[in-house]
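I have placed the structure first, in the form of structure tokens, so that the comments after it can refer back to it.
Chain nomenclature is as follows: A, B, C, D, E and F, assigned in order of appearance, with residue numbering initiated at 1 for each chain independently.
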Amino acid sequence: MMKMIIAVIRPEKFEQVEKALTEKGFPAMTVSEVRGRGEQKGIALRSRGGPVTVDLIPKIRIEMAVPATFAETVVQIIREAARTGKIGDGKVFVLPLDMAAKVRTEEVSI
Amino acid sequence: MMKMIIAVIRPEKFEQVEKALTEKGFPAMTVSEVRGRGEQKGIALRSRGGPVTVDLIPKIRIEMAVPATFAETVVQIIREAARTGKIGDGKVFVLPLDMAAKVRTEEVSI
Amino acid sequence: MMKMIIAVIRPEKFEQVEKALTEKGFPAMTVSEVRGRGEQKGIALRSRGGPVTVDLIPKIRIEMAVPATFAETVVQIIREAARTGKIGDGKVFVLPLDMAAKVRTEEVSI
Amino acid sequence: MPIDSGDTAFVLICTAMVMLMTPGVGLFYGGLVRRKNIIAMISLAFIAFSVVSLQWILCGYSFAFGTDIGGFIGGLDYLGLAGVGMDGDGIPDLLFMAFQLVFAGLTLAIVTSGAAERMKVSSFIVFGLLWTTLVYDPLAHWAWGGGWAASLGALDFAGGTVVHISSGFGALALALVIGRRVGFGTYTMEPNNIPLTLIGGALLWFGWFGFNAGSALAANGLAANAFVVTNTSAAAGAIAWLVASWYRGKPSSLGMISGAIAGLVAITPAAGFVDPLSAIAIGAIAGLLCYGAMLFRLRRGLDESLDAWAIHGMGGLWGAIATGIFAVAAVGGVDGLLYGNVHQFLIQVVDACAALVYAFCVTYALAWIVDRTLGLRVSEEEEYVGLDISQHGESTRV
Amino acid sequence: MPIDSGDTAFVLICTAMVMLMTPGVGLFYGGLVRRKNIIAMISLAFIAFSVVSLQWILCGYSFAFGTDIGGFIGGLDYLGLAGVGMDGDGIPDLLFMAFQLVFAGLTLAIVTSGAAERMKVSSFIVFGLLWTTLVYDPLAHWAWGGGWAASLGALDFAGGTVVHISSGFGALALALVIGRRVGFGTYTMEPNNIPLTLIGGALLWFGWFGFNAGSALAANGLAANAFVVTNTSAAAGAIAWLVASWYRGKPSSLGMISGAIAGLVAITPAAGFVDPLSAIAIGAIAGLLCYGAMLFRLRRGLDESLDAWAIHGMGGLWGAIATGIFAVAAVGGVDGLLYGNVHQFLIQVVDACAALVYAFCVTYALAWIVDRTLGLRVSEEEEYVGLDISQHGESTRV
Amino acid sequence: MPIDSGDTAFVLICTAMVMLMTPGVGLFYGGLVRRKNIIAMISLAFIAFSVVSLQWILCGYSFAFGTDIGGFIGGLDYLGLAGVGMDGDGIPDLLFMAFQLVFAGLTLAIVTSGAAERMKVSSFIVFGLLWTTLVYDPLAHWAWGGGWAASLGALDFAGGTVVHISSGFGALALALVIGRRVGFGTYTMEPNNIPLTLIGGALLWFGWFGFNAGSALAANGLAANAFVVTNTSAAAGAIAWLVASWYRGKPSSLGMISGAIAGLVAITPAAGFVDPLSAIAIGAIAGLLCYGAMLFRLRRGLDESLDAWAIHGMGGLWGAIATGIFAVAAVGGVDGLLYGNVHQFLIQVVDACAALVYAFCVTYALAWIVDRTLGLRVSEEEEYVGLDISQHGESTRV
């Protein structure tokens, strides 16, 4: 059984997260640049005519397929390495995964 | 129980969709720039030597984790705000989600 | 029943994969540019002060919602078209999908 | 007067600098459109320049600078550059021709604003050829080729009417004929690449020194004055628009660079006639006026998408009039309204209005004709897909 | 001496080329910051240039080049360009003024390095006005306006102390007052767009020919020498830094272009005094020295983010001293240490140190005052969101 | 003849403009490669320029312009610029040297096309040094330094053989030795950034005015003629290639800009000898011919990836021959085939073929030697990862 973990973190923390994951033995990942916002409805900045809401802030999105037994561990590694304690630290999602197949070989993990 | 909603919409409609979601109380999202095509196999343009098929058209991809009970609502909000009635309006997908964890705090939603 | 297929392949192979999918009748897809690495922990290059590990290599990520009965077929098409036999060929993932809805019409596939 | 090596050196380099403004316009516009049209937008500038480059040496130069016919247009004396040689008066005749060529090419590139993201390449080439021949060439003749405006005594140092009023109001007419982009007013259409626009703006500011100072056609004090007032007006325009946009929210970088262009446009006809302190006023007013024109355009729902009208049209109009206000004899030998010369002021108004009406009407007619015959506009599907793919078969990313 | 058309042509174009360096600095810096600050970073360069453009013609030129007051600053003779006209000595006075203007604008743009990704636009405008008036103008007066450094015989051909030491050490002082960026040292802050930095670097290298050769104020053999040594030093600096960074790992392109800038900075004061072979030494040493300075800065955790201090400050210091070492009478009429002139060497050291101390201290004081009154820095939330959105309301992508 | 300030001003600025072409080539190429190699591709241009800048003043200039040895190469008179000073004939000797320097640097940058996306930086530096010394320097000597081609009466105004045939056929030879990129012919290898290529193209077009007009070495009528024919040929080439690519599908922007470059290449040797109407023919034929050459290359599966051969090699060949066809005594004092001078035509053919064979063979030999000793090519893994990371340790995005 496998899980797909999707983490959305601060770009500034990516290097640390990546290093932590690699050290703990989870190097495989797919990464993309995204923008996002969380529950606090974006950040409100002051402008002349009252508050302005900033909607979308650059983030890094990490996608990792891992065996279900390690999902919890990986989530914890990411959360610890990505945390600053301030708004915008990000989220980690775990999705069920039916199957992962290598392209190079015929290998398939279910 | 949570769901992961993935919507692929026209870039031009993004602002409207985003506003509609925020107003109805669903501000949290992760957004990326993608390209795509739907069932009509891309758009066929005419060129000198017969029709040319255009494959991939810029789209915006929205990813939102929401409690399962609201999934239906969110899908409807997106569909209404994103609709133009023309080819290329996009798709909305709903995936099961095992867990969503905040990075900043120890909060976890299952 | 539907499945969400996520494939991460070499950019150079994208055209071939796309053509193969279209020919076999699976034109609908959403594509993005990502970076990634697999189990071999990135590629190690030699530099003056010992080996340097290269972390993330540009890839193309394809996302396709297909009826569950075709999932296996699509995975096979992608694997065959994307294969070079060398490290970096990529991965294909299959995720369960609860629902896919068209924006333009009221059509919904479950 | 024999060829002067210093003047020739100066005008040669200025010509190259003005040439660089055309891709500069392309980059400026390219950053402002949506991502799917960036290549097409930049390409239009290159295509405009290439087409005019050939037209100008074949016949355009002759229409503009050939022997005057009725104050309206030049004769056919210089067809194929017959009689335009390496000799000349101060600078070689060929060089004067080339300096004028780069102006003509740039002007057509500015007009592309009015048809951004929706015009067919083939129709643009036809329209462009007609436009440069029937709009630009006569206007150049009026002001610089011995036409009626010159006889009247209208002042246009570097092309306020010829280049900016013509292209700005031309773009407006073209936009009206071709119609709005699909979704204009309901969709958001954000600039895809502001840094690219700033690169384009930098090249424009740089090239404008060649444009205005080079119009002295000699490396002398007048060129130096034109150089200084050009920079001053640009800076004043940039600050004015920046502050105005700040007042309504945030100081946008696009506002700043647009203000700089507005200042550059407005000083263009005046560069050889006003002093640096007047340039502050001309530039600052241009920044505010063009900003207002842009807001007006948006309120009216006009899809002259990249604001050639607001910036070049209205800026050029203000510049032509401002020349009649701020001109001072100590700089260019002519006084303006501020120094009691009402007459010159009126001439400027008449000249600017004539150019405006001519450019708008003829452009409208040409666009209409091309639209009825070849069709100006791409199909709705092509527009949706974007012109990069549908017109050029190219794209910026997978 | 009457106006010479060749010299005037040359300085006119050089002025335009130096103007292009300011957006060049903006692009160079814009590529080095994080993606969320790219527009803001480029804009600061344009804003700096616009503000100084107006200040300079209103009063800055007068403070720098007006009648000397106590060796320290110029008088008010030229306020509003009074008495600065189209005549002149070899080149028009207005042109000399403009050539100096573009230097002043560029210098302030370099200082923005010290406040990258965290300064309020409004405060930058106030700070910038104070800085150019109280730091740049006096330094320009000292070296070129008849101030004490000129009287002493200090050599600064094109602005090693005036432009580079002042901006480099100014940036350092500003960085110290404004404080580090949030997360500096713990987060990674990767350059977002190296090709943009390389474009900026190309424009800088190009413009620098105008900067250094133009400082001959005539198109003559001295200008040619300045041109050649400028290019040579840039090439030597590029290769030196490239090889040094190679030695520590890989030959980085940013190292190469930084080395080129270091070489260009170092040759600036020397360009009219040294020969091409000396330029190889000056450039190569500059490349190594500035690379070392950058490593030192990083080790010390100083967030002078874009290395104006390491490259312009330290490069300018080395250049000023190198002028005292390598100067040879055959080029500029003065010998340096290598040819036995210890005196000149000491003058150079004194001049450079005075400029360094003055620029650092006054910048520190000005930044401190603006910080206590208006606040230099954006809020933490604005910094996190990025200045593109928080200061300008713009962004580079959806 | 004493130094003329106008001519000196002109050549100084032209030299700077030609310098800007080198990063222009880098940007042009950088936009055409895959995203993972963009930084490396741009960097190669800077590295080429830096390396040649030092080689040229140390020995290259002497090999090219020193006292003739057997019609083949120059002597060691000017080693380290000995005897090259601030005086000169019309323009300072140092300036002539610098003007030639920027040509040499540019030429090596063009050659990088042949090894795009697969060459080691270290080997490129060694290869580049050998190439510029053993291929470029002799060819420059033959045409301009008093070598056999000059004695024969071969015409090469601005470097059709010296710059373009040499770099184009050199790139081909290099491509053959280094071998195809992995996946060439089976993978798609799309240009990653067409706007960047268009920026590069704009800088090339701009700089080419300095290249061709500057080759008059004086600001006179001949320079003006060179300027005009240069622009005309570029425009004709752009339109020709655009239309040809249209005929086969869509009018691509890369086709247009490639056609412009082809036109610019072809007019280079002819710029001082032909008139504007001939330039239309030369440019249009160049556009079509180089387009055909590119298609031929693709059909043959040759991975001379960025088409230096098709555009510079074949365009240069056509230009050298076209000079012998279209030259007219009224412009440059020599008639060509069209005016009955078969002799000149034959000289041109001989000269072009000699340059072609020499450049191809010597480049092949040098590349082979470097390959056997140091290895030209990165490892397959490095190629797969991309040269940005593997060679420079840098990347364009996370």
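Keep this in mind: a contact is a pair of C-beta atoms (placed from the backbone, for glycine too) under 8 Å apart; a residue touches a chain by one contact, two chains touch by 3 or more.
Quick caveat: nothing in here was measured; it's all calculated off a predicted structure.
Across D-E and A-C, it is D-E that has more C-beta pairs touching.
Annotation: the chain A:chain B pair of sequence copies touches via predominantly different residues, less than half of the used numbers being shared. Here the spacing of chain C and chain E, counted between their Cα centres, is 49 Å. Inter-chain spacing, taken between the CA centroids of chain C and chain F, is 42 Å.
For this pair, chain B with chain C, the centres built from the Cα atoms lie 19 Å apart.
Touching of two or more other chains is recorded for residues 11, 14, 31-33, 35, 47, 52, 56, 84, 86, 88, 95-96 of chain B.
In chain E, the residues touching two or more other chains are 4-7, 9-10, 13, 17, 193, 199, 249-250, 393, 397-398. Listed in rising order, the residues of chain C touching chain A in the complex are 3, 6-9, 32-42, 55-56, 59, 61, 71, 75, 78-79, 82-96. Across the interface of their complex, chain E is touched by residues 3-10, 12-13, 15-17, 19-20, 23-24, 26-27, 30, 38-40, 42-43, 46-47, 49-51, 53-54, 57, 80-81, 85-88, 91-92, 94-95, 97-98, 101, 121, 193, 196, 199, 203, 391-394, 396-398 of chain F.
For chain E in complex with chain F, the residues that touch the partner chain are 4-7, 9-10, 13-14, 17, 190-195, 198-199, 201-202, 205-206, 209-210, 213, 218-225, 227-228, 231-232, 234-236, 238-239, 242, 249-254, 256-257, 260, 275-277, 280, 331.
Within the complex formed with chain C, the chain F residues making contact are 34-36, 183, 187-189, 379, 381-382, 384-386, 389-390, 393, 397-398.
Taken together, the chain B residues at the contact with chain D in this complex read 10-15, 35, 43, 45, 47, 52, 54, 56-58, 84, 86, 88.
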